[in-house]
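One structure follows; several queries about it will come next.
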Amino acid sequence: MSLLSVKNLQVTFNTEAGLVEAVRGVSFELGRERLGIVGESGSGKTMTGRAVLRLIRPPGRIMADAMTFDGQDLMAASEAQMRALRGRRIAMVMQDPKFSLNPVMRVGAQLMEGLRQRDHVSRAVAYAKAVAALDAVQIRDVDRVMEAYPHELSGGMGQRVMIAMMLIPNPDLLIADEPTSALDVTVQAEVLSILDALVRDRGMGLIFISHDLRLVARFCDRVLVMYKGRIVEEIAAKDLLHARHPYTQGLLNCLPRIGGTRGPLPGLDRNAEWAM
Amino acid sequence: MTMASSSWSTWLREPNPASRLQSRLVQAWLSWLRFRRNPLAMIGLAISVALVLMSIFAPLLAPYDPIAQALGNRLLPPGTPGHWMGTDDFGRDIWSRILFGSRITLYIVLLVILTAPVVGLIIGTVAGYFGGWIDQVLMRITDIFLAFPKLILALALVAVLGPGMVNAVLAIALTSWPPYARVARAETLTVRNSDYIAAVKLQGAGAMRVILGHVMPMCLPSVIIRVTLDMAGVILTAAGLGFLGLGVQPPMPEWGLMISAGRKFLFEQWWVATMPGLAIFIVSLGFNLLGDGLRDVLDPRSSGR
Amino acid sequence: MGDVMALIEIENLSVTFNANGRRVRAVEAVSLKVGEKASFGLVGESGSGKSTILRAICGLAPVSAGRIRIGGEAVQSPRGKAFSAQVQMVFQDPYASLHPRHTVDRTLSEPLAIHGIGDRDARVMTALTDVGLPTSFRFRYPHQLSGGQRQRVAIARALMLKPQILLLDEPTSALDASVQAEVLNLLMRLREERGLTFLMVSHDLAVIDHMCDRVLVMQNGRAVEELSRTALASAQMQTDYARSLFAASADRMLEG
């Protein structure tokens, strides 16, 4: 049985400037595996992830024929039931760590907050868990980072703090929105191996949202390619770099390559028909 | 008519405004549309607008002189023909007094709005932006002011300055800036390390320009929200001072003063104290609802992403 | 590299932050030279001090030792307006680097106002056109722009004062593949047209290879190894760390 099942998900924003259809009929099943979502900016990747957690702010609306997580109907769940799921069983690493961390609260306090409030563990235990989580994401100088404010961290450190924060409660499903975009390749490899271990050993489900196609091809099992709120292609990750769909091919062609010519990179030709 | 109005509304929704003015108006219009969706906020706005209209048109609306006494008509109950809210112990029409009283209330509110938040904003942003000893000194001063209950500090100030409306306003303003300084400082701390502030510093901007042009606009929404939410408190403090005889002096129709005058016969002639009390209640409620609505529209975290 | 003239010269730069009484040695004794019209890359471990070097050049980080020279002259502290007209920076996160309550117009005219430069309307329009944005975007707010469009505005802002040097802190890491291509093409074009000098941070070796002539590899606050573009592309590294970075980027190589 699948962990998460989404049928015909739609997210619309009834804004003053008109109706924005951010997600238009997305369906997928997720087992205990690594599912990648790629697509250009504004294609609805983030909104798809947030909709699963029902974290869309008004005027946004979520509609779906069905959305179930581990047998529980997410569309019918009460707000209190959703709160119990969020963070504990389904966690999401937000796209912009600077935006998601509290700028005037120490990193350590933010990491321990959930543990202290949700799980009522003692301060010492919470501290130890927070330190272990930072260690796991390859932070040097853990003691200093626990005491630091978010602006005292580098871009990549902030991102790793976010990942650590989401992994502390051992979620069953992790939605990671561009979790490694600010990391160098070696640290990125370490972080990915942590996620990989969680999927393999603990059977966590992972939705990995990214614009780095080569990374997704290497790391995920299955990939959804999104364009203008729709899935235009679903493909096994190992075949992603040889995708047939012209949109996916276009995205791949935009990438620079080591040792490539330094002429202008090709742009992306968008075809209105793909959005149909 | 419909043609004209629809072209206006497209002009006001234009995603690519052609001028600075238009872009401001578009933003204001979109905020208004968002505000309009909140019925409670609309009630708050209606009450606030009604207060303004009442005070502007008081001479036209009021059936009687609010000060002239008519001892033959003392303590008429509400519903008496010609005095639908009744009269007080000097035979003055309560409705007329409430209408004229709204002018005093509005006057106090405006003077406080023009002083306290400005002082608080300046002190808070300067403290937050520079940090270090400047922050320490300014915040200790703020703490000292915050340590005293507002009404008691205002009482002490009025006792020193002498009773009267202007002194009451001064006392209220002097006691109500510290929370704005706190709010502004907290907001400044969250923005001062951001990249857009670094960017403008890098362009050679001095501290004045950064604080005025870049930090203050970010603090303004939270301060404005705080102000509207505090307005009820200001009105109550002013009424309290009036009630204690330290604010506006008789025979001026100030609402607090009117309650104070009516308390002597609260049990027999309940309406004398109740009518101005209701007025204070409704206006305070109105400002609170307005503040809640503005929070949804102005909060920087709710617009944009 | 003993060339004719180094525009940016950094000698034994150390940056030490004082965070809650703790001393954080973010950069330790790093030296580098960037020639005029060259494009120099910084890569390395997350938290290794790359952004801090750029910030130190701009006077936004506390330098504890070493020298920074621009065009042969030591930089003044505080930096002053002449410096702003010579060196500008593009920040990593286009969502955080534009003032949320200022229109594009205000953002772009601010540097002109600070430096008392007139003819602002025309200059703002030209700047927008130069970075490939329609002039109709002039009065939009950042939340009405996509990530790529915001980054273009940030680049336009950096170019308003016609600087010689552009410091780029991961200018495309928050952008998707197609927008990254647009922004990189834009930067290449502007560099050619205006003879700009780039000092650029990225963790994508393919981007560095595409944009830069030389690259410095950093780890834990220290410079590990400096490589030319040819050395990078042909994997001629001396140190283990540089080699491991390269190995982890194998999927970014040209086919084959």
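By written order: A, B and C. Residues from 1 in each chain.
Following the convention adopted for this analysis, a residue touches a chain if its C-beta (ideal position, glycine included) is under 8 Å from a C-beta of that chain, and two chains touch if they have at least 3 such contacts.
A quick note: this is a predicted structure, and the numbers were derived from the prediction, not measured.
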| item | value |
| --- | --- |
| Topology of the chain contact graph, where touching chains are joined (line, ring, star, complete, other) | complete |
| Contact pairs, highest-scoring chain pair | A-C |
| Relative to subunit B, chain with the most remote C-alpha centre | C |
| Whole-Å separation of chain centres (CA-atom averages), subunit B against subunit C | 47 |
| Averaged-CA centre spacing for the pair subunit B and subunit A, given as whole angstrom | 44 |
| Whole-Å gap separating subunit A and subunit C, where each centre is the average of the chain's CA atoms | 27 |
| In subunit C, residues with contacts to at least two other chains | 92-93, 95-96 |
| Sequence positions of subunit B contacting 2 or more other chains | 15, 305 |
| Residue numbers of subunit A (touch at least two other chains) | 96, 99 |
| Complex contact set, residues of subunit B against subunit A | 13, 15, 29-30, 33-34, 186, 189-190, 193, 302, 305 |
| Parts of subunit C lying in touch with subunit A, wherever the complex brings them together | 17, 19-20, 22, 24, 43-47, 51-52, 92-93, 95-96, 146-148, 170, 173-182, 184-185, 188-189, 203, 205-207, 209-211, 220, 232-234, 244-245, 248-249, 251-255 |
| Contacting residues of subunit B [partner subunit C, same complex] | 15-20, 22-23, 27, 194-196, 198-205, 209, 213-214, 217-218, 300, 303-305 |
| Complex contact set, residues of subunit A against subunit C | 39-42, 96, 98-99, 139-141, 144, 147-148, 152-157, 160, 178, 181-189, 211-215, 217-218, 250-252, 254-260, 262, 264-268 |
| Footprint of subunit B on subunit A - complex, ascending | 16-17, 57, 96, 99, 103-104, 151 |
